[in-house]
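Look at the two complexes coming up: subunit A is in both, with subunit B in one and subunit C in the other.
Right, the complex of A and B next:
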């Protein structure tokens, strides 16, 4: 179809097959539309009453989740402008680990409102200016909304941690946050280092075991390995542990070699010497005081035989990351080669035992005292998708803990902050003289999206809720938000629902940035995809 | 993909997602998910209870399976619908956590969804339903815990008979229900034998076609089928009293010592010495085995002609190629350890048992080790007609074993036969009346859904379900008849507790929990996005190119496997 027409304008400069879109209608509004569509998908997942999405990715894996970061990750968004929103969400996920949905939905709302402004006749650059002013002012106001006295907190105080974590976890697993939060808080507090800012999220592990229910969840100081011990010794208490990264086996040469035997005597002794060598090595390990051997690779039959003989428990951990964590838990140094470990290279665990949980045999490595570097949240649930979703909730909780270790300031949750921001920003907009007044007003209006969505998702009347919220806030009750359970407006400080300041801060900032970036684009030029469909093939194979 | 570009040109629309992505959302979507799930639940509905029917499943490889175990059926059905898969998952979860009640859990989930569907169609927000159902689930579980009778602190004998009752309840709904007392006591003995260290793989189940169910027997130790043997085997003694047992993981055969060794000889005279050396090595090994004092030698690897004859000459019994699982069980039972080397045997690596004998069972010969000192293993030898029959019997026994283990661990039981379900149902109804608001309706519906268990029991038995249920409701409403359930023999109602229809509380707790979780999960999904598979990316791209504008072509075939 394009072939008959004579190429003109920019088309004539480009190779055939390029796409070129420009102008308000073709580029800006289309982009806005795409972002809007994306935010519509994620929006219904916002808040405690958000709905789940079932996403089946290209590898046929099923996700059932309301975690926006996961949804957009698996959606494989193609549209370039919508991708900007996705990236903003991902940035939020990486920076804070929570609030990705707020970022994407808010960016979508900002863009939707921008569309109205454009139709009114404003130029995108004016909108961008207004939005930039809006976000700067928002952050100023947000600073003022911070709850008094919340900037210092004891990150080891469970109650304080739980109150800050609750809203993040509740938005993923509503109705179950009362069970999950204390678990996550305990796990985090256990591994919190002396200097809380060094808290490493990797130190809180999650073990998902099918079967049972949420009330069977527990935390373990130490690790849960999802496999059985190798030998017949399944339990060891107060054990020193030797870790060998390279595997416990007779050493074989890498280079292909053949043993030359010259006479009968050599033949007879061949097997014996090998055996003696293995025994010597295992004996050396046993002599060092170790009671448990952990192998990062294969465990040879001969080696296992002698381990049993010397009453050593043998564990196999094939994942290098897992092995590293194991070393951290027990304080062991991983040795490359099977040899006698020095006393300071041995780790220690209070108990290492194999237990059966829900039909699966797991090895539980416990360290009640001292070695508090790794803790594990054991999740139980009836389906894989529930477990995966619980895991994401735990991840969010742990990330929130990390965030609060750095900055513990909090703001009222459940849309109280948003409404206050909207109200104050609107007031601010009236004082502006330029055209950006409109943009700032719209920016303020965008905040209404949060209470609106929360109310809609909960099956409440959004308009009623928002108006009564405004009324309360105008009356000076700045901490009033939505109580979703009863469907009325309440003071959030009494309900103890708080959001972390940093989460809000970054979510709003990223959203505003993303919106401005999308608005700034007025031309899209797409190169012709090279190579045709075959190009995807190798990548697809790799992922398998 | 190339398609994205070209469709923008043809038709200026916004392509947000990859071509071929299938999305559906909204209320209709929730309802369609529910429909798919109820369809799956319907498939297993008729298998519930003592009068439940079995399913014959014929798979693409031509294997036939007869089963009434929900989890087994689900595994074989190979369901692709993403929402219905959740039901399969909960059946699996029930199977791994409790072992039995897989049909119950699916039935409950299906019934919950069926009642929820009515509300969804009426415009209730799913989250409201979910919240109420979760509350109801919590209340139900608390109630079960309250009603449950503990068997803790009873004497061993009493406990045994209690456990046997639980096992019998499970077995009654299976193919071997006719012999439930016989098998129940066998299962309880087996589980008691393995003691506290309850590793399931220490109970072996061996299947021998032929004979009749009653010919099945329990070995307090290990039994396995006679392995492949060489000449000389028949000259070995077949019965020992208090023998020492040596367990090996080495090949006792004439063979090259190591693959990577090579012999180079310059002097032909040496040739004989090498041959002799090889013989020496094997004789040396055999000699060491005999010298260890063991009367029985078992190896995971083959024991060759030479070895068999050598042992026969010295009145030692040997068996090579013993399955690893069996060898492990022998090790656990006899207290020996498996040796990978013949050097320096110490006494403690040898196992022992009271009696070893080879016995003819059907047309198979079995090596049986009984009276083992550590007494941690048990083996059930199952007899029966057809292969499928024995296989189903094995699954049933597995369920019963799991039930007994769980009952032993958690040691509380509840009355079966739908009694507990009726009681929770009554409790929830009463509770619902104290709630103001929508939740009242939802909890009522939850209570009603629980009645499916007695209802289905009646339906499957051919009774008038409405009639029986009314009787049950009346009994339960009186407040004294909390233990009344369906009497499957007379078609009336009876006190399940005094009739010894018992099941472990954990089965019910897990079933209700899992079913509620699944129902809530299905309900909470309002959108499905199905990305095209990456493996067939190329093929699909070609197909979509042919179909012109590809998206529509896929919408038809994607995801919607189970439309009803």
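Right, the complex of A and C next:
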């Protein structure tokens, strides 16, 4: 290939393997199409009656879930535009921890409607302008829809917490929210600090133990460590605890040390002094009143021997973070070296015991008066994937709690808010002049996706439901949503189904942002994919 | 051909073929970047080899990431990158201008004109424009306190070409305030003193200016406070960890007793240093509720952290070198390299130091400082490509403000300068030139119009109409630019659209040079083994 016959244009200037897409047909519409495909995958998982997806990732790990964040994460989306939607979903997951599905599905719906507008002849920039106006107005309306008096709530009131958490948990584990919610609420309330805004998600732990069933789930005020005690002492009540971050063993110098031994006598003596030293240390710990030693590193044989002798229970926690949490639970201060702890450096636990649950030995650390330390939700289930799914539901619940600690405002759930937004935004679009009114109207229409999908997933007639919802809302019953169990429209304030305002706020904003970003792109320049083993097309990208 | 005799594998393009290849490449590059120009330019999506996404409107970023291979295009791209290095903006304009110069020349060359004559014309035109720009520029008085309004206008003009409008307007204030913050009278502005930190969090509109510093790490000890007020800040570069000696050393001991002593002795040196810091803390903090923060460039090992934590000191280790400099500028005090002669004078002051945790990442904010000469632009955005986009824009915005202060002049924007310069060439300069070089001047004048033309094209307006309207107004003696929304002429002075003087000057300077070089190429030779790909 001589360069005599170089083609004109950009293609000739790029390295081999580059792809260049530009213009409406090649770039914009294809991007929209990709996002549409993505949202079609997640959409069927929306809401309590959403279907589960079975995803097998590149490591052959099986996921059965309807959690959109997990699905898109494991899908490893390649298409750049679809990736923007995925990133929006991830941002939502990081920010709130719930509502990723709404973000992705809504962004997909917005883009699908944008496609219709483009086919009508609107320029993407006009659509972007309309959509930006749409989202600003939406947020305004959303503000007005906030349930009166919900901005102040007692985050320690279990009923209030449960009512707000229910819809988030129900969308993951429908039918089991009545069991799960109180558990999660209890666990959260227990660790909620004096200033609720400082609530740390990390303080609610989840321990997944195979076996049993959902009804065996419980919460423990304290921690569940998934390993056995080191020594032979397996149970300790009302124990003071000394924590050593650096391991329980003889101390060593940074510089390499060599034992200098001249004769046999010294050899014997050396072992003795060593022993004496360790005994002295362990004795010091025992004298301080501690009954349990927790080590962050290795536990030496000799040290263990003396611990046994002084009736000290020894636990080993090798994860630094786990150790830190343990310190928070018990109120102990982690000491670096094995030495005598001060009384105020000791922690306390009501009971530390090793139990066998479902064939696994676990150490349960309980602390009834621990205050705002750590609590653990013990999940029981028959298979790993059920446990994983339960864990995701719990995570969502805990994240919702965190979100409500920061902003407790709520809006009616079960699509009542979406329909109201759609209705009001449509009215707003009629007042607008200029081409962007079409875009705003489409933006409003996109909200119908939520009730439609909810109804479809529940096997109801979507058109009928939507029209009756509109009718109710037009009549001024702004809190009417879908009752999925009975298949009729009901006032959500009587059903007690609420969504958090912040979840909606961020989900809609991220979705609109992502949609606008995708629309703004009119040229794509793709580098040759970097080397590496070729993978099969991830499952799920095929048409289903 | 003679070269084929010398090296049968070489490829040669000569005479018009070579010229057309270069012209085509220049035009091709122009086509790619054309849609970028101006506030209504569109966004390009770049997908890297690993599938990473980058969205950009910035010509410089685009040229850097595009991996261009064509030799002519590389030359132009390098000029544009040099443009960016020199003035921070105007890359797209440079590429467009060079492309257009080539395009205009093509017309004349096809009619049989020799490139050399055109090049002579370019040279005359260039000199004339450089004189003209001196007259045309709007002077800005930069005294003790520069006029923030005009700086904002310049920054806004730049930012709006990189980001969408509402975000650009918000960043304008941030950028201008940041530059004014680091500016010291009678000293060149060092933009490195503006730290640009990003957090993946919330929305792009949550980007803000922090008067103080944001560090992207936190204290490493669980017992250190997460939020402290009224802090003395010790900025130091002292190793607070045990370091192995250079020589290969070893301990010999014969019983555990001795070993314990060794362990203690080993630590003593480090502990002594820590103790000195604690002493200082006790000196300044006793009897009041002030706090003490140590920010160390070197490491602090766990035992030292533990000692500091017990003394109630918040310590950060392994701060970046550049941040040490900024810290001193932001908080006052001085960076110490040894703990031997610590005095309270070495300490800086901050009203508030707190830690912000985002998932796995920790950030430390040093805020409420007195009289800062360093600040941080904290960029927020929901995902990496948004952050990268804002980062590029902020960088350019800072440069534009800096340029304005240093140039003490601005140029009317929105295409007004280009039209005025073009008219100046046609009406005044051309007549003074003898012979065929006139055509070179004409080509130069036509090429200048590419900026308003492209602006109009990107806004979906009719280019010819716009040019006629603009030149008409200029002929009447009004200096006008293009209103992107309506296509009507506007007065950029009233609208507050200003470009950097140095940017425009650089474009006028470098564009014709590279175009001339390319026009004078009459043979392209590709030879040598590694140049050739197996066909």
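In this section, the second predicted complex is superposed on the first by the 513 of 544 C-alpha atoms of A that agree within 3 Å, B and C clash if a C-alpha of one lies under 4 Å from a C-alpha of the other, contacts with A are read in each partner's own complex, and residues count from 1 in each chain.
Everything below uses one rule, namely that a contact is a pair of C-beta atoms (placed from the backbone, for glycine too) under 8 Å apart; a residue touches a chain by one contact, two chains touch by 3 or more.
Model, not experiment: these values are computed from the prediction.
S.K.: Quick check on the superposed pair: does A:52 touch subunit B, subunit C, both, or neither? Answer first, second, both or neither.
M.R.: Touch status of A:52: first partner only.
S.K.: When the two structures are overlaid on chain A, which partner does A:520 contact: first (subunit B), second (subunit C), both, or neither?
M.R.: Only subunit C; A:520 stays clear of subunit B.
S.K.: A:78 contacts which: subunit B (first), subunit C (second), both, neither?
M.R.: After superposing on A, A:78 lies in contact with both subunit B and subunit C.
S.K.: Taking the superposition on A as described, I'd like to know which of subunit B and subunit C A:122 touches: first, second, both or neither.
M.R.: A:122 contacts neither subunit B nor subunit C.
S.K.: Once chain A of both complexes is superposed, is A:87 in touch with subunit B (first), subunit C (second), both, or neither?
M.R.: A:87: touches subunit C, not subunit B.
S.K.: Please work out whether A:264 is in contact with subunit B alone, subunit C alone, both, or neither, and reply first, second, both or neither.
M.R.: first
S.K.: Looking at subunit A, which partner touches more of its residues: subunit C or subunit B?
M.R.: Answer, by number of touched residues of subunit A: B.
S.K.: Following superposition on chain A, which residues of subunit A contact subunit B and also contact subunit C?
M.R.: The answer is residues 1-2, 78, 257-262, 270, 526, 528-529 of subunit A.
S.K.: Looking at the complex, which residues from subunit C come into contact with subunit A?
M.R.: Per the touch definition, subunit C meets subunit A at residues 11, 13, 17, 21, 24-25, 27-29, 31-32, 35, 40, 42-51, 53, 55, 65-70, 73, 164, 200-204, 222-223, 242, 244-245, 249-257, 259-260, 262-263, 266, 302-303, 306, 358-359, 382-386, 460, 524, 526, 533, 535.
S.K.: So in the complex, which bits of subunit B are touching subunit A?
M.R.: 1-2, 4-5, 8-10, 12, 14-19, 21, 82-83, 85-86, 89-90, 92-99, 124-128, 130-131, 134, 141, 198-200, 249, 257-258, 260-265, 270, 273-274, 276-278, 280-281, 284, 328, 331-332, 337-341, 343, 349, 509-510, 513-514, 517-518, 521, 524-535, 537-538, 541-542, 559
S.K.: Quick check on the complex: what are the subunit A residues that touch subunit B?
M.R.: 1-2, 17, 19, 21, 26, 30, 33-34, 37-38, 41, 44, 49, 51-60, 62, 64, 66, 74-79, 82, 174-176, 210-213, 215, 232, 257-265, 267-268, 270-272, 275, 301-302, 304-305, 308-309, 356, 358-361, 381-386, 457-459, 485, 526, 528-529, 532-534, 536-537, 539-541, 543-544
S.K.: Provide the residue numbers of subunit A that touch subunit C in the complex, in ascending order.
M.R.: Subunit A residues touching subunit C: 1-4, 6, 8-10, 12-15, 18, 27, 78, 80-81, 83-84, 87-88, 90-91, 94-95, 123, 125, 245-246, 250-262, 266, 269-270, 273-274, 276-277, 324, 327, 333-334, 336-337, 509-510, 513, 517, 520-530.
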